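Have a look at this one before I ask anything.
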Amino acid sequence: MNLVLFLEQTLNGLQLGVMLFLMAAGLTLVFGIMNLVNLAHGSLYMVGAYLSVALFKLTGSYLLAVPLALAGTLAVGMIVELVALRTLYERDHLDQVLATFGLILFFNELVAIIWGRAALYTTLPDWLSGQLELFAGVRYPTYRAAIIVVGLGVAALLWYVVTRTRLGMLIRAGASNRTMVAALGINIRLLYTVVFGFGAALAGLAGLMAGPIYTVQPGMGEDVLIEVFVVIVIGGIGSIRGALAGALIVGMVDTLGRAFLKPVLATIVSPTAAESAGPALASMLIYLLMAAVLAVRPAGLFPPRG
Amino acid sequence: MTDQTALLHVDNLSKSFGALRATDQVTLQVRPGETHAVIGPNGAGKTTLIGQLAGNLQPDSGHIRFAGEDITRLAAPARSRKGLARSFQITSVYRDFTALDNVALAVQAHTGSSFRFWRPARADRALREPARTILDDVGLGGRADVLAANLAHGEQRQLEIAMVLATKPRLMLLDEPMAGMGTDESQRMVRFLGALKGRHTMILVEHDMDAVFALADRISVLVYGRIVATGTPAEIRANPEVRSAYLGEDEED
Amino acid sequence: MPAHARTVTIAVVLAALAAVPPIAALLGQPFYLDLFRRIMIFAIAALSLNLILGYGGLVSFGHAAYLGIGGYAVGILAHHGIHDGFLQFGAAIVASAAIALVIGAISIRTSGVYFIMITLAFTQMLFYLGISLEEYGGDDGMRLAGRTQFAGLLDLRDPTPFYYFVLAVLAGFLYLVHRLVNSRFGMVLRATKSNEARTRAIGFSPYLYKLAAFVIAGAMCGVAGALFVNQTAYLTPAFMSWTRSGEIMFMVILGGMATLIGPVLGAAALLLLEDLLQSWTQHWQIILGPILVLVVLFAKRGLAGLLPGGGRE
């Protein structure tokens, strides 16, 4: 195992972690404030990916496609909130799970009707493809580096909003005591809509960034969604800090596990055993991690206070 | 001074929620057969105290000893099994079960194992008969087959008491049993609880002063989480600190 | 009287199911035999989920895991030349119960949203495990090496005996669940769902009861899985896809939670609906999705709620 490969995979882990964070932050915010389990969050991710690919093909300009895709995802999210999710705020979690499950089926099929079931491929604009020379001969794809930068930037922005602005104060207050916030005369409907919009935009951003490097096909949202669940459970539901910690941990463990578990195993057991057990174990790694965390901390690593 | 014959020893119990000291070094003893009332203004921490005694809340410090055994870390179900039963201030019964089912469940919790998978529980005489008797005792005999959700508020409060009695308690923690009841219903409940006096040990949290003075052997007054006085009804009535802090106020809930 | 109405309804439904093979033969449509056998297998899966979801209040979004475990138990044994039904079904039950015990022990310590997410995550883990089992088909799955046989008395290769075998299992499980939910154990389970704080206050510690129910439900669904792999004659990780978990959950809701006949009605309704929609368009899910949303929003009591007595125990 050489150092360059290890560094590269670590950066990949960071990149995955950052994207998981964008998804997790939206989901955990929506859960913490509105007590809403939204399985269709993955569908918004998918919409973001599809829109960015389609718009890039249409306009030829990446710089145009990105904000349009983001706006489009936001719009879709708002429509879904208005039409379907509003009634779910007062319902129990079972209803929310089932209703949003129905939405997933709808969106997956909608996307298949419009763009077909086959995976969609896209290219990157020249200025984003290629590699960056980082240091000491270590090179890393420009695009992935951009994702890391953007993701960390958004994390910083979120931190700023949540800790330094009035909106953020409402969010933190709402997360620990919903009824109190309503009793203070704050327009709860508006707060919910804004928070949901935030979440949708984050999911859309994650999706459009994922477009060029992950497979764009119907159902892509759900594979990510379940990983996001693991992130949130490990980090603590309702906590942004937990979402970040969980996302980075899961991103790292998953990436490094897939890259290095088989070779590491091969040093302990026979190569043939490692050949079959390695990939199996690697794909199970984050779930085993989740189980381990739960055994010690049933509420996650950083559960929200209050 | 600690009373060695006491059934319940509460020893310097404290609990804070952030900066709020909901329970502040509370110490009290309850003797067997005693009816001990806990009174205090709203926000004094009465329900928090009951919660810690029943096992729904963990204190930050202090001890609770029940029948000589330290139960401070014991979970609520285990305390119930040891004979410490509680009723809830906000009615908490099984709304989709009948009154009889409700009480039978309470009986079942203290009658043999519930890891029985075959025989119908509703045909189990060992559960149904004691349940019926208790329902008759509290005055709900005629309403046994009514769904709890369809009972009147006062009847639901009676059902709460019935469920407490069904667990064969050694100590009953009653959190505002008369909450939301009209005058007639309250008086009936007071008479019923009065009939239990002596045979049962009770801690009674109540706002209704008539009920408290009619039923209590001793009263502890809780203000801002602290016990400011403990004594007989006469002593408490005469206590100047209590009068100013509490009894002097309008008896408005 | 509600109790009699319930028994009559169940008897009628079972009788109707028993009549399907002769009717299908009469009409020359063996497809119906296949369809209704599939419905009954899913009814068993839904029945098992209803035990923990409808009666126990445990929103387990990973129940399809046991369909897969049961299927793989049979498939793997068949692959290695073991076709004896007692061994295969025995393995399916034991494996499902054991895994349910482990997953349940961890998950049931949590509640609410955590529980939903965790059960989903564990099933996904098993799904990925199934994909990585190259020897047993991996991602694509593999054909069942041979149908289950029971001591020369019954070969699940024969469509009609297989059908009646499934019917018998369904009827048996219906009776088993009936006894379970009315037993002392069942009452504690239902009480916990109705009001957990009250249940703890009278002296029950809910954890073990929930765990026991979870294991029983897992084992039952494992049997459904063993039957299912015989039905499809093909073994694939898709048995454990989370969309399958969602489907089973929908059958429970559609039919009516906490009722005996609900899962049967729900399985029939959903599978017949899917069949119908599939005949109209290959994009049937775009119609099914909104239908499911509407059912959740407006028809929570399910089909059993339309019956006299509401079907409830």
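For clarity, chains are labelled A, B and C in written order, and residue numbers in each chain start from 1.
By our rule, a residue touches a chain if its C-beta (ideal position, glycine included) is under 8 Å from a C-beta of that chain, and two chains touch if they have at least 3 such contacts.
Treat the numbers as computed from the prediction; the structure is a model and nothing was measured.
K.L.:
Take each protein chain as a node, join two nodes whenever their chains touch, and name the resulting shape: line, ring, star, complete or other.
P.N.:
If you draw each chain as a dot and join those that touch, you get an open line.
K.L.:
Find me the chain with the mean Cα position closest to the mean of all the protein Cα atoms on display.
P.N.:
The most central chain here turns out to be C.
K.L.:
Using mean Cα positions as chain centres, tell me which chain lies farthest from subunit B.
P.N.:
A
K.L.:
Need the CA-centroid distance for the pair subunit A / subunit B, whole Å please.
P.N.:
It comes to 49 Å between the two C-alpha centres.
K.L.:
How big is the gap, in whole Å, between where the Cα atoms of subunit A centre and where those of subunit C centre?
P.N.:
32
K.L.:
Between subunit B and subunit C, what's the gap in Å when you average each chain's C-alpha atoms?
P.N.:
Chain centres of subunit B and subunit C, defined by C-alpha means, are spaced 44 Å apart.
K.L.:
Show which residues of subunit C lie in contact with subunit B when the two form their complex.
P.N.:
Its residues touching subunit B are 179-180, 182-188, 190-191, 194-195, 197-205, 208-209, 212.
K.L.:
What part of subunit A is in contact with subunit C in the complex they form?
P.N.:
On the subunit A side, the touching residues are 31, 37, 84, 87, 93-95, 97-99, 101-110, 112-113, 222, 226, 229-230, 232-233, 237, 276, 279-280, 283-284, 287-288, 290-291, 294-295, 298-299.
K.L.:
Applying the document's contact rule, which stretches of subunit B touch subunit C when the two form their complex?
P.N.:
Result: residues 54, 56, 75-78, 80-81, 85-86, 88, 92-97, 101, 105-106, 108-110, 113-122, 124, 163, 166-167 of subunit B touch subunit C.
K.L.:
Using the touch definition up top, name the residues of subunit C that touch subunit A in the complex.
P.N.:
Within the complex, subunit C touches subunit A at residues 53, 59, 61, 106, 109-110, 112-114, 116-118, 120-122, 124-125, 128-129, 131-135, 242-243, 246, 249-250, 253, 283-286, 288-293, 296-297, 300.
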